[in-house]
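Here's the structure, in structure tokens; my notes come after.
Naming follows writing order (A, B, C and D), and every chain is counted from residue 1.
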Amino acid sequence: LSGDLFDPIVTTDELIAATDNGSWIQAMLDAEAALALAEADTGLVPRAAATAIVACCNHERYDAVAIGRAARGGGNPAIPLITALLSAVPEPHRRWVHWGATSQDIVDTAAGLVARRAVDLIDADLCACADACAVLADRHRDTLMAGRTLLQHALPTTFGFKAAGWLIGVLDARELLRDAADQIAVQLGGAVGTLAAFGEHGPAVVAAFAARLDLDEPTLAWHTARQRVAHLGAALGIAAGTAAKIALDIELLMQTEVGEVAEPRAEGRGASSTLPHKRNPVGAAAVGAATRRAHALVPVLLGAMVAEHERAVGAWQAEWETLCELLRLAGGAVANVRDTVAGLEVSPIRMAANLESTRGVLMAERIAFALAPGLGADRARELVADAARRALDQHTTFATELRRDDVLAAHLDDAQLAELLEPSGYLGANGAFIDRALARHAKN
Amino acid sequence: LSGDLFDPIVTTDELIAATDNGSWIQAMLDAEAALALAEADTGLVPRAAATAIVACCNHERYDAVAIGRAARGGGNPAIPLITALLSAVPEPHRRWVHWGATSQDIVDTAAGLVARRAVDLIDADLCACADACAVLADRHRDTLMAGRTLLQHALPTTFGFKAAGWLIGVLDARELLRDAADQIAVQLGGAVGTLAAFGEHGPAVVAAFAARLDLDEPTLAWHTARQRVAHLGAALGIAAGTAAKIALDIELLMQTEVGEVAEPRAEGRGASSTLPHKRNPVGAAAVGAATRRAHALVPVLLGAMVAEHERAVGAWQAEWETLCELLRLAGGAVANVRDTVAGLEVSPIRMAANLESTRGVLMAERIAFALAPGLGADRARELVADAARRALDQHTTFATELRRDDVLAAHLDDAQLAELLEPSGYLGANGAFIDRALARHAKN
Amino acid sequence: LSGDLFDPIVTTDELIAATDNGSWIQAMLDAEAALALAEADTGLVPRAAATAIVACCNHERYDAVAIGRAARGGGNPAIPLITALLSAVPEPHRRWVHWGATSQDIVDTAAGLVARRAVDLIDADLCACADACAVLADRHRDTLMAGRTLLQHALPTTFGFKAAGWLIGVLDARELLRDAADQIAVQLGGAVGTLAAFGEHGPAVVAAFAARLDLDEPTLAWHTARQRVAHLGAALGIAAGTAAKIALDIELLMQTEVGEVAEPRAEGRGASSTLPHKRNPVGAAAVGAATRRAHALVPVLLGAMVAEHERAVGAWQAEWETLCELLRLAGGAVANVRDTVAGLEVSPIRMAANLESTRGVLMAERIAFALAPGLGADRARELVADAARRALDQHTTFATELRRDDVLAAHLDDAQLAELLEPSGYLGANGAFIDRALARHAKN
Amino acid sequence: LSGDLFDPIVTTDELIAATDNGSWIQAMLDAEAALALAEADTGLVPRAAATAIVACCNHERYDAVAIGRAARGGGNPAIPLITALLSAVPEPHRRWVHWGATSQDIVDTAAGLVARRAVDLIDADLCACADACAVLADRHRDTLMAGRTLLQHALPTTFGFKAAGWLIGVLDARELLRDAADQIAVQLGGAVGTLAAFGEHGPAVVAAFAARLDLDEPTLAWHTARQRVAHLGAALGIAAGTAAKIALDIELLMQTEVGEVAEPRAEGRGASSTLPHKRNPVGAAAVGAATRRAHALVPVLLGAMVAEHERAVGAWQAEWETLCELLRLAGGAVANVRDTVAGLEVSPIRMAANLESTRGVLMAERIAFALAPGLGADRARELVADAARRALDQHTTFATELRRDDVLAAHLDDAQLAELLEPSGYLGANGAFIDRALARHAKN
């Protein structure tokens, strides 16, 4: 498949492995095994049958490609896998294979197992990413740089404050993903959700099944109540978006003209096929690509909620590969950002140089506020804006232009002006906010 | 705007009002008023100035259409509103209007206020919808109907069980929406998030601001950390999808050939422009339309997370109308389903007739399980499948065809067969599961 | 990859092969070979070097999985493939490998080759699907059935008319896809589009390159002018939507309660893992799943138009796998519908029975129009609506209820009524419209 | 509605007017009037009745807000409008109002009229935008600037070449939009598409109807064959994406650190609520916001193709506001870019300064190619890369570092080096390509 060629660019080998054929086949077999055991636990199935079934539930016995092809007939991969499992289990135990369940029970439970394992990987990467952000927030607490709004210099900030903002985003994304992962449940309902074959014992089997697999026990079978799948998809989309915000900042800061940070150096990393001098932000590009694709997949899972009666015609079937891709793409985005942030090269010198490149103009708000009591807010703002415009157009300093205006000069002496134009004096509660972010991270 | 013509079909007057110009202008003014008061609370601004500002914060003083037009210049509606507010506030208080804040602080906080008010409406409708589902689940606990998978008769179920499934979906959707709504926070950071103008007092002002507006207090300003917006959008998408699943079931059950339920009757409801006999599922159509539109909007909010530095160029600006529409559409879908479920006409007679229309075939699983010990699972399944096929193709009863097969007849006598073919005897833990759902609802 | 397990359900082996690793590697090598030849054609590169390069351009020499892994460093698969090709080409020819091109030139041109080959497959399936629709339109020209609006009986139609509607949709979709495919162009610009290394010869090389590969020659390099990719993506989305509309009709007509058509029978097709009697619309489900996923991917290609300067950071990289999936999914949807329509089982008997099941009520419009001259349009409509409602609620015939109303009876005698209630007499220009559709198909 | 407040930021007053209530009501009335006239043309309806109906088809007679509210009952706005029209038309003509048509005929035809009028506005803006791009391409044919790939300096280019790339994108987008607009057709089918009431005359009425409204005549009614709507939506998405690519380049070039272009100056344009010095790229932000929203809407129209039988339950109803928004948003994006490009401030001085800021390093490819014959391609590339890295890390010139390497120095003397490092000598067929673009524009 083309994914072999393109997926490694946007995701990790671990996530590819966690969502591959083998993982899926094993997860479906884990579901069949746990079903048989849960049925034995509740006395519905002979223990010996369960044991015989469990013995056949190793994915290496089964051919994923053949099962994929055979899945066309019944429309899902559980059906041919069950056929293969039936062939593997010796009599007199065969009649208890998959007993009372429907193929959706197996596929949904397997999806839950696959998702939980992949989410565990992503969760670890979110933690590592938060750690890396926290290191930057702490280390660069006082590293001055230009704050930029709509890509224009706005007010001074510090790189530590920016990293603290990334950190909080990662912590938020992690909490949302954990919440969603906690709601991953087993699926067990039989053909229409009533667990008809189990008579009165349905609830007990579901409880045993959930306990065996350590997944959540749902109130009812959720064959066509897909809130938890959509929720997980959204949380993965948010994790990807969180990574992509950081990557966007990095690629912008890494522009030739800005040069304040650089992605980690490594042999071959960021190289071009033709330009010998290139050092491209390939990490950011991979995150951007993964996130665009991930975000587009979320509405597939939202739309899959709209399912016909007791089993959907198409909506459910659209979930499988969509969920796999979301796990790979969101997880890949997080992993790439983790690496990039952890190895980020930071240039406080370029940060300072860029901050000074507008020659004081980004202190305009402060000057206007200082003049407002004397001049009135409107008049102060107007004169300050004029001075800023002149400084930018004529390549002079803001101080020069402020002094050139007699009205302004009358209200601010040189010493006051020098103090007001000092960026490090207009950072608000920069340190306190960074501490809030670090404290929240420390508690995590 | 075209919305006047089309929005009422898909949403309620209450939600239109909660998200309209007046609500937005008032919410932005509420933010400015609360800011001034919070600044007075922390001693940064004279109390008299705050009082003067608050006195001007009534939306009826301002012209929404003019503000919309004027918003083009600065790119957001807060800027012209602040200009108008400045004109309204008398000196010497004017300099304290919007002091230390940025326009995004006002727009984001206003969005939070608008969203919270709209979510309260949606929450009430989700509760009412859950109540209506619970009534059906209880009342039709034993109303037999065909369970349908991939739109084919599968096994018997009850209408109460189906309604219990709807109920659990609504309860799940409500919890997710409440969680997301609880994270709606004030926004206050000043131009780049540091609250530069407030010096050390930034955190105290944020706390006072949040307390004044009864919104969550964020760790940091979240100008470009949009997890909470994306999360709210996803929760609204899930609420819409929950409504649309119920609507889809209803429109399918209301088909001429099925006829098991009907949307409530009302003068003009469901009428056609040309067909006098028509009674269309207009509630379901409205829900379907709203949900399709709502789901498409969720990735806009996911993508808006990817924001440049301290203020986005386009991503943030895409959120405003998207969030308004999501609130209207998701809320409209929920409200329409609430009405439809609450007034649903249910025909147990048609349910029974349809269940019987396949002449027993949907009991095939049970027969196969009953025969498996004697015949082996494969052989039992094969012979039962043949009998079912003959019954369907030749318009005979399943019982006839089962009896016609000597092998099968040898394993099941007529009395056993009659018992096995009784749908009400193969409902699993139908009642217990309905009770679980109702118990969860009762606790809510 | 998980695709091995899930893709066969939604697409064909041919489309998987046309978009797989091998096809991609070969297409990239075809681009490198054609580049060397075009450069030789224009005298920029020695013919011997071109020949040596071409000799190494066989995909079997290269390891796709290794290239996929190595693609991480530079961020696209052309870079490691070029490295491998460089190793394969003997000196003194190596310096001419990839000369003057950039990796995007190779990937974009390869994508064009892959897309064209896949689109040819899809085009053939659209033609076959149109043929199958035309057969049904012709054969069932007079097969009466209920026309259904909002899933309710509306007026009579014929199954041939319905199939003619499918046919026109398929012809429209095919034209759009052909138009988009005709715009697939080679990409050749060098690093920033100027073809700097070629001096004055750039345009000549592009022309020779396009001629060699039989793709369109663009006015300029389109590294960041992606209209044609977005357009192709949209056309694929429309092809999928066209298939899904047909599939939806089929799955609805195949419902147990409707039973007017059935998907083709085949061993194992439509089987369930637990219900022996099941014959599920698996073709329709596969089409529905593929189309949901395909539609979600289109905005990725639209968004990828928004590319930075001369090469995008993430947007371009998001196109590759998205385009592969769109080809597989849209093509799979078309192929599945082709098979389903070609082998569709049609039951004119059930169509007639369902048409009669509303006992004449779907002729209400005709009766109202007939009465309007005498009664006025409003009064006629009102009385007819009342009669229809009574017929439906009381399970009587529409004729009975019309006769029961003295006012109506005064305006229509029994013979008139019988004639007006005959469905075959109220089909409008059914035959002429079918002929228009068939004529357009014949011209194709 | 909230749109009053937010829409003006992202779109024009003309597009708001072209898609507003009044335009829609008038378009529906135009459809009813044309229907009556077409029926009179074909002898089905008395000419006097048609005249009477036409006389009532002025939108000012009808209350859009009341119609919007009343639309809830039947689920579309045509139904209450027809009711109002019926009340307005005097007897004996009333029975001929809307005769033989269905509400979808009116809504779809009206949507076509609204869309055509809005597309005409967008088309004019695309033309004006192309003109403005052509002016820049011509004027800045030789204005050197850095070509940037992945936001890093790559090779030199000219601003004229960049503008030529924008131009070709706009021309492509315009052709696609015109193609899609040409397929906008009337809708006329009656309740199920057969035009039952017209007997044999259906095709003649459709032809007359299309001629009256100057829209395309479809082969069949397309109530549930929505290819043309999806196609138009995609073309609008592509127009928006084309605008957004230009806007993205501009906002990046306008960054404080880059400063190569600026959006036009105007009173209040780009101002901040708190920062007196700000001049924000508000045009680009508006385009970005509009495009994000527009792209998300395209799948709604793709998904709306999947419509049930002869009239959809929800899919069709989702199209109306979606199409309106797409017209407003895509058109707004184009209009904003037209203004921005037409008034763009360009700084060749900053372009030159930025180009020189990497001190020759972006000529690395050229040096490597020049050295390849002597050193072999790999060795040349490696040594050049080393020199480039040293120049960047140590803030020396590329020439210095190249000369410092004895191996390189042995192959290139100072004069050769100086010539090779001249950016204006490595522009490929820059001028010829610009001419191709201008020639294509001139032919348009």
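Note that a residue touches a chain if its C-beta (ideal position, glycine included) is under 8 Å from a C-beta of that chain, and two chains touch if they have at least 3 such contacts.
Just so you know, these numbers come straight off a predicted model, no measurement behind them.
Comparing chain pairs A-C and A-D by the number of C-beta pairs in contact, the larger count belongs to A-C.
Between subunit A and subunit B, the centres computed from C-alpha atoms are 24 Å apart.
Spacing of subunit A relative to subunit D, judged by their CA centroids, is 31 angstrom. Residue numbers of subunit D whose C-beta contacts span two or more other chains: 75, 102, 148-151, 154-155, 190-191, 244, 251-252, 272, 274-275, 280-282, 285, 288, 291-292, 296, 299, 303, 312-313, 365. Taken as a contact graph, with one node per protein chain and an edge wherever two chains touch, the assembly is complete, since every chain touches every other chain.
Interface residues of subunit A facing subunit B in the complex, by the touch rule stated above, are 75, 86, 91, 94-95, 97, 99, 102, 147-151, 154-157, 161-162, 164-166, 168-169, 172-173, 176, 179, 190-203, 218-222, 224-228, 230-231, 234-235, 237-238, 240-242, 244-245, 248-249, 252, 288, 291-292, 295-296, 298-299, 302-303, 305-313, 365-366, 369, 372-373, 376-378, 426-430, 432-433, 436-437, 440.
Residues of subunit B that touch subunit D in their complex: 1-10, 16, 19-21, 23-25, 64-65, 67-69, 71-79, 82, 98, 100-103, 106, 190-191, 244, 247, 251, 266-275, 280-282, 284-293, 296-297, 299-300, 303-304, 312-318, 320-322, 324. For subunit C in complex with subunit B, the touching residues are 146, 148-155, 251-252, 254-258, 272, 274-282, 285, 299, 303, 354, 357-358, 361-362, 364-365, 367-368, 381-382, 384-385, 388-389, 392.
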